[in-house]
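Encoded as structure tokens, here's the structure I'll be asking about.
Think of it as A, B, C, D, E and F in the order they're written, each chain with its own count starting at 1.
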Amino acid sequence: MTPAAQSSAAPRAWPEEAARVPAWIYSDPALFERELEVFHHGATWSYVGLECEIPEPGSYKRSWVGRRPVILVRDKDGEINVLENRCAHRGTMVCWQNRGQAKDLTCPYHHWNYDLKGNLQGLPFLRGALGKGGMPRDFDKSAHGLRRLRVERRGGTVWASYSEEAPSLEAFIGPEMLACIDRVFPANRRLRLIGYNRQHLPCNWKLYFENSRDPYHAGLLHSFFVTFGLLRTDTPFRAVPTEGGRHGIMASTYSPETASQQNEVTQQLTSWRPDFRIQDMELVKPVDEFGDSSMINLSVFPSVFFQQHGNCLAVRQILPKSQSETELSWTHYGFENDDPAMQARRLKQANLVGPAGYVGIDDSEVLAQLQPSAEKLPEALQVVEMGGRDTGAHETMVSETLIRSFYAFYRASMGL
Amino acid sequence: MTPAAQSSAAPRAWPEEAARVPAWIYSDPALFERELEVFHHGATWSYVGLECEIPEPGSYKRSWVGRRPVILVRDKDGEINVLENRCAHRGTMVCWQNRGQAKDLTCPYHHWNYDLKGNLQGLPFLRGALGKGGMPRDFDKSAHGLRRLRVERRGGTVWASYSEEAPSLEAFIGPEMLACIDRVFPANRRLRLIGYNRQHLPCNWKLYFENSRDPYHAGLLHSFFVTFGLLRTDTPFRAVPTEGGRHGIMASTYSPETASQQNEVTQQLTSWRPDFRIQDMELVKPVDEFGDSSMINLSVFPSVFFQQHGNCLAVRQILPKSQSETELSWTHYGFENDDPAMQARRLKQANLVGPAGYVGIDDSEVLAQLQPSAEKLPEALQVVEMGGRDTGAHETMVSETLIRSFYAFYRASMGL
Amino acid sequence: MTPAAQSSAAPRAWPEEAARVPAWIYSDPALFERELEVFHHGATWSYVGLECEIPEPGSYKRSWVGRRPVILVRDKDGEINVLENRCAHRGTMVCWQNRGQAKDLTCPYHHWNYDLKGNLQGLPFLRGALGKGGMPRDFDKSAHGLRRLRVERRGGTVWASYSEEAPSLEAFIGPEMLACIDRVFPANRRLRLIGYNRQHLPCNWKLYFENSRDPYHAGLLHSFFVTFGLLRTDTPFRAVPTEGGRHGIMASTYSPETASQQNEVTQQLTSWRPDFRIQDMELVKPVDEFGDSSMINLSVFPSVFFQQHGNCLAVRQILPKSQSETELSWTHYGFENDDPAMQARRLKQANLVGPAGYVGIDDSEVLAQLQPSAEKLPEALQVVEMGGRDTGAHETMVSETLIRSFYAFYRASMGL
Amino acid sequence: MTTVATTVATQKEREVRALLRDLNDDYAVCLDDMELARWPDFFEEEADYRVVSRENHEQGLELSALSCTGRAMLLDRVAALESTTVYEPRAIRHLVGCVTLDALEGELCRARANFALYESLSDREPHLLMVGRYLDVVSLAGERPLFRQRWCVYDNYRIRTSLIIPV
Amino acid sequence: MTTVATTVATQKEREVRALLRDLNDDYAVCLDDMELARWPDFFEEEADYRVVSRENHEQGLELSALSCTGRAMLLDRVAALESTTVYEPRAIRHLVGCVTLDALEGELCRARANFALYESLSDREPHLLMVGRYLDVVSLAGERPLFRQRWCVYDNYRIRTSLIIPV
Amino acid sequence: MTTVATTVATQKEREVRALLRDLNDDYAVCLDDMELARWPDFFEEEADYRVVSRENHEQGLELSALSCTGRAMLLDRVAALESTTVYEPRAIRHLVGCVTLDALEGELCRARANFALYESLSDREPHLLMVGRYLDVVSLAGERPLFRQRWCVYDNYRIRTSLIIPV
């Protein structure tokens, strides 16, 4: 239970000292509301799903932009529309199923009926019954559709924005990040949906962002990764803030040859378990399907991470639910021409991540220990100066540059 | 989980546009507190129970006025008293049983003892023990009774008010509504208590009021009603705001002959299921016991609805628990001389309403889908212009006049 | 569920009338936060544990100061340190076990390592890896230890303070109370840990304080006590506020001879059950181990009560969790040379207190009935004038002087 | 009927109790699987099925939150759920335990069992919807035991939002 | 005693386990029905009944939240609940499962079972009060099995408000 | 396999169902006791163990939150929990009920059971972690029944924080 969080009328001041983050940003409910307005519902793009989830005309699924419920639906022209899931009449959620197939959308309350572009097609008793009642003559159906968001797609991913001011998706993501995303959504391969994992974290969404932009922890907290050399602090690594810190690229290198080598660097790895062995080694022996020995974790602010851990490919949607609750929604995918071995490999390696993942557990457990301390000690400061105090790109895992750059961007956006 | 609701220091402005209701009124905790003070604890009357629930001297039951706990008790003179369930000493609830029989009321904490009118009769060690302790000599027992509310009764119903300024119950309810209430509490028949249903709704209390003052939805959402002609959009109907919109009368007409007719009106009823049949038709074949073919739903603001659906008679107390939680407390009743067939009929038809009712479910499910969208989109507007933009009495089901009139009254009272 | 509590920007005014306490102090979340700062995290001392719980070098247990998590650890010099359980790096709880044995403390997230005095000993990749990353050269390990609190011990009890301004523990507790505490922690006897009881109360922490400083209720609410004469309103009793009302002593007298006598005083005891008998009377026949026939309950504000009910010795830590939630953490102890009979007796008499205690239940049940009424009627006043309106020491159970003196102190400290 | 109560159970009684455990589990699984069409088959023609609050039950008040007197009403309840009722998709999960045989006379027995119902709505964690006790009269005359009476007496003061699937 | 553990159960052991399931259900129903007067009858004269936190139990600390050594204390607990204890009315509902027979020697057995307790206060929905494990020693010597020891080890870190009805 | 469904159970089927109840209870206790080393012994060599959401299961999506294909992966999961996984100490408590035998052919049966999992973290009250249904294929060929398949299909939309101990 969150203790009564303080939400100062006057915003608190960010600490002067460089490379510090104040703990109160993780528990203030009014700040949380403002973040949603500035970021998620503001001039940004949010990932909302994959095209392959709604393959046919009439296919739909529910999703979220920030905290707002939306419907992702493919209309009969094959276009994808993202509609707010709120009836224009009296505000009921129109769509109550998480996914399905529909010819149109009818609100259960008074049966107002919308087409798949969100236009109000009709409503019962528009002209009354037996000469009585009905809507005013000047009622304009075209002004009472479902709110429709801007939509862009890329490589099978679908994005939405509430903002007319937001730049194009391409410009918003930026070229460096785009290249990384395109790599895991190759133009010549069709996506295959493998399934979902959904996880509720008892922490502020920014703590999750920090965690997932933090290579420093990966080689220490995650004994499993370390022990099997899936992540090595001594192989090439890139931590690249892009678009002024808004996004962040983490790319590591995996080589089966050096995966278990010990040296001066690994001696600092207090989590290395040299005598820990597993029997089914396929879990930790990925095939280099993209031909570059790389593993990636891409933070596309504010809504999503793209990850490739070995042959486990997933999109991780970050859904802030309150100042102390965050939902992770993982969509795992493969490609249509995956052979049975690759299909099995992706499923097996999925055991690494998610709410029951060999490394996923470590993160969710740590985050559950962070939020209470942030709430109970809101005036405390986080120290983020590993790798220096700058916000540039670093070529090492032992750096917090992606967190510093994130907060540089955050403060500028929030005026903090 | 309610997301951190915004509770602006400066009250937000009601939208200019006619026939619009802003969604933020359903989630603001400070507004909720003010509503309780203005309405429930202010110059109004709240229904608190039926006389037949406390038949004997000493009979009591617990009830609520707004969010405040009260005890309804019949004293030895046969008078009914409504007492705040809070000890005048240090504030413990005095009465811990939902109902029972008592000669007096003793607080468990220090055994202060009150008579059934709430007067402090005695307290242990008033004069100390062995010459030490005790209450100050000027302690005035008569100033430390249980807080006693104004009480009025009518036709077996019991009402209470915190306010000396409130007009008489009769004036508060007003003549038009009184006539409707008297109809279902006939002077010549004694009430028989059939039982309770209690339901917790995850929505703001005003959403429930809107729902229950909204004939437009009844013919659409409630397939069951529609299919069996219990409510027909083409038979005489009255939607009458009274006392400046404070209260609202809905009266429909049921005729077994026309119940299943189809015509131009019913063709607009998208929820008509012509081939749906049930086997035990007694459920939907009420007997016209009041001789006027009428079915009613009376909204007596702020505390109660009176309903007669066929032969199912019930009082529905509306208990606001927080800005996002409302309790419904249904008391079903019949009359002492009901014959066994009528007794069985009332019980059978009770399957229509309440938390498991054939039509009750539809409402609670819709309301559960309304609150989250109101919370997540507080700046959205509800459109209530079915039947026009006026607030007069309408003779059709396809009208939202009872909602508009309710908000006209609400805004005037709240200064919004 | 706590209804949305009002937290006025402008603090509310304390009532003018003497011997009154306003109910709003039990539900205001902002007031609660301020209380923690003024009292628990301010210039006071908080009980945090017993020395015998961490007997060896390296023994540790987790505890709380106010709402802040701390670690109580004995270092290799045998010194006891109290450290905030928050990593100086990014704020994770360092210690995840409630108790144990450790050589040092390592944060799971990035393996920063602290010695048992809280000093940062080392951190992985302080100087980077392969020439990249690492902490800035000017990073000062000595400035990034775990926050260490002031610690004092007395008679086997351990105390901590966040404040440099707080006086010595001895001065804070004061001589009169110290003598009472020393009595139940005799210098010549080593403590034996018997076990814990932990209880979650749905009430404001001050309601618990009132309850436990209130001899008036003890002889009325607690039928069990009364019936077996464990507490008698007619035997010598002392209710002594100390240090300006901050602390409070309650000392009663038990005599097996008079335990079941009836007289003019006991006739006022409405809770006396003369024909109630139990079969195993050892429960209510304590042995007078301190030679003074006394039973005590000592309130050492803000963190703890010391109690001796017969041969049941316990420390009761009061942990405020929110404005409406309080945790009680009971540590029962005996002495190392207790003979088997005394060991059994202490265990048997432990049935009197705690969450399932013969008298403990009465208190928790009453408190659960107090908080809702305080929340729903925040403007109501508690009347505390039993025994007069003064705040001096009284020699009777029928007095609320310890509550009045508590609020005199409280108001002065809080500026209310 | 002879009351079984605290006396020592006979072999026959222990067998019937085992049968009742199977019956209770089969019944619960039918509902959890949402195989509503099979639900009326657990009852005799003269079925007396009720979902009733402890409050009403203990005061002897007749009102139920849901009642079906006779198989026709059981079938109607199923038909309405499938055709007319509007509700958010959900999963129901039963745990049934503490099955007791209270009385046994010829081919009729009086029995009870505890139930807990968990509800999982479409985008939330499961929550406890209801706990309570089944009060049954079971006929053992046919090849399968059938409920003549099943009263589901729930401990809840209030029902959380809606009660849709029978208990 | 012989430890049953992971070995294959004998016919005798399976029968005793069935007996224990009945015993556990009867015991729970007695409490849920608030028939407290019958509760001590489930125990031998030398009863060792405890409700103890996992925390104390695992550290070998002797303190219980509630303990009755001997039938006299069981009777006293019942008497006090009926005569002196002040508490808000409530309903308790048990679910008991995962009954295991851990060791069987002659007419004495060591057994365990999981319990979940739901509490329904007078104006609220039910909540989970406690989960844990019974650690039992059961005598099979008489015509009904009786508890020589029943330790109720609860997983809760804290008890929610009060523990009134025995577990 | 022959589907048992709503037909009348044979004596053999009732015996197998009783055996499955014992198996389910033994399995749950093994996990509640945190005797993880014994957990793989409940499975055949070709074990197909999955913890999967109802969402994935009903859509025919292959992803599990946790999957072990073959005993080696069961052993690896245990080894990792004991050696590398970082998590807050906790207690898990199972209730398993509504065991059904769905089909029986020779020495192989298809069976199901409902589960509820409660989790007690180190300084909090227990909460409901998960409810759902086991979908099993059990081999009766050996001296002890063994799972060939155990799919734990949970009703939760989301997993609360982490799933650490197998279901």
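Just so we're on the same page, a residue touches a chain if its C-beta (ideal position, glycine included) is under 8 Å from a C-beta of that chain, and two chains touch if they have at least 3 such contacts.
Since we're looking at a predicted model, the values are computed, not measured.
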{"item": "For chain C and chain D, chains touching each", "value": "A, B, E, F"}
{"item": "Chain pair, A-F or A-D, that carries the greater number of C-beta contacts", "value": "A-F"}
{"item": "Centroid distance [mean C-alpha coordinates] between chain F and chain B, Å", "value": "47"}
{"item": "Distance between chain centroids, defined by C-alpha means - chain B, chain E (Å)", "value": "44"}
{"item": "Distance between the centres, which are taken as Cα means, of chain F and chain D, whole angstrom", "value": "26"}
{"item": "Multi-partner residues of chain C (at least 2 other chains)", "value": "9, 96, 98, 108, 200, 221, 271, 362, 366, 369"}
{"item": "Multi-partner residues of chain E (each touching 2 or more other chains)", "value": "18, 86, 88, 95, 97, 116, 122-123, 125, 128, 157-158, 160"}
{"item": "Chain pairs that touch, as defined at the top of this document", "value": "A-B, A-C, A-D, A-F, B-C, B-D, B-E, C-E, C-F, D-E, D-F, E-F"}
{"item": "Touching residues (chain side chain C, partner chain E) in the complex", "value": "98-99, 193-202, 221-224, 227, 271, 273, 276-280, 283, 327, 332, 343-344, 347-348, 350-351, 354-356, 358, 360-362, 364-366, 368-369"}
{"item": "Chain E to chain C touching residues, read off their complex", "value": "51, 53, 55-56, 59, 61-67, 69-70, 72-73, 75-77, 79-80, 83-88, 157-164"}
{"item": "Chain B partner contacts - residues on chain E that touch it in the complex", "value": "86, 88-89, 122-123, 125"}
{"item": "Contact footprint of chain B on chain C as seen in their complex", "value": "1, 3-4, 6, 9, 23, 210, 216-217, 220-221, 233-234, 265, 268-271, 362, 366, 369-370, 372-374, 376-377, 380, 382-389, 394-399"}
{"item": "Chain C - residues contacting chain F, complex", "value": "62, 96-98, 108, 200"}
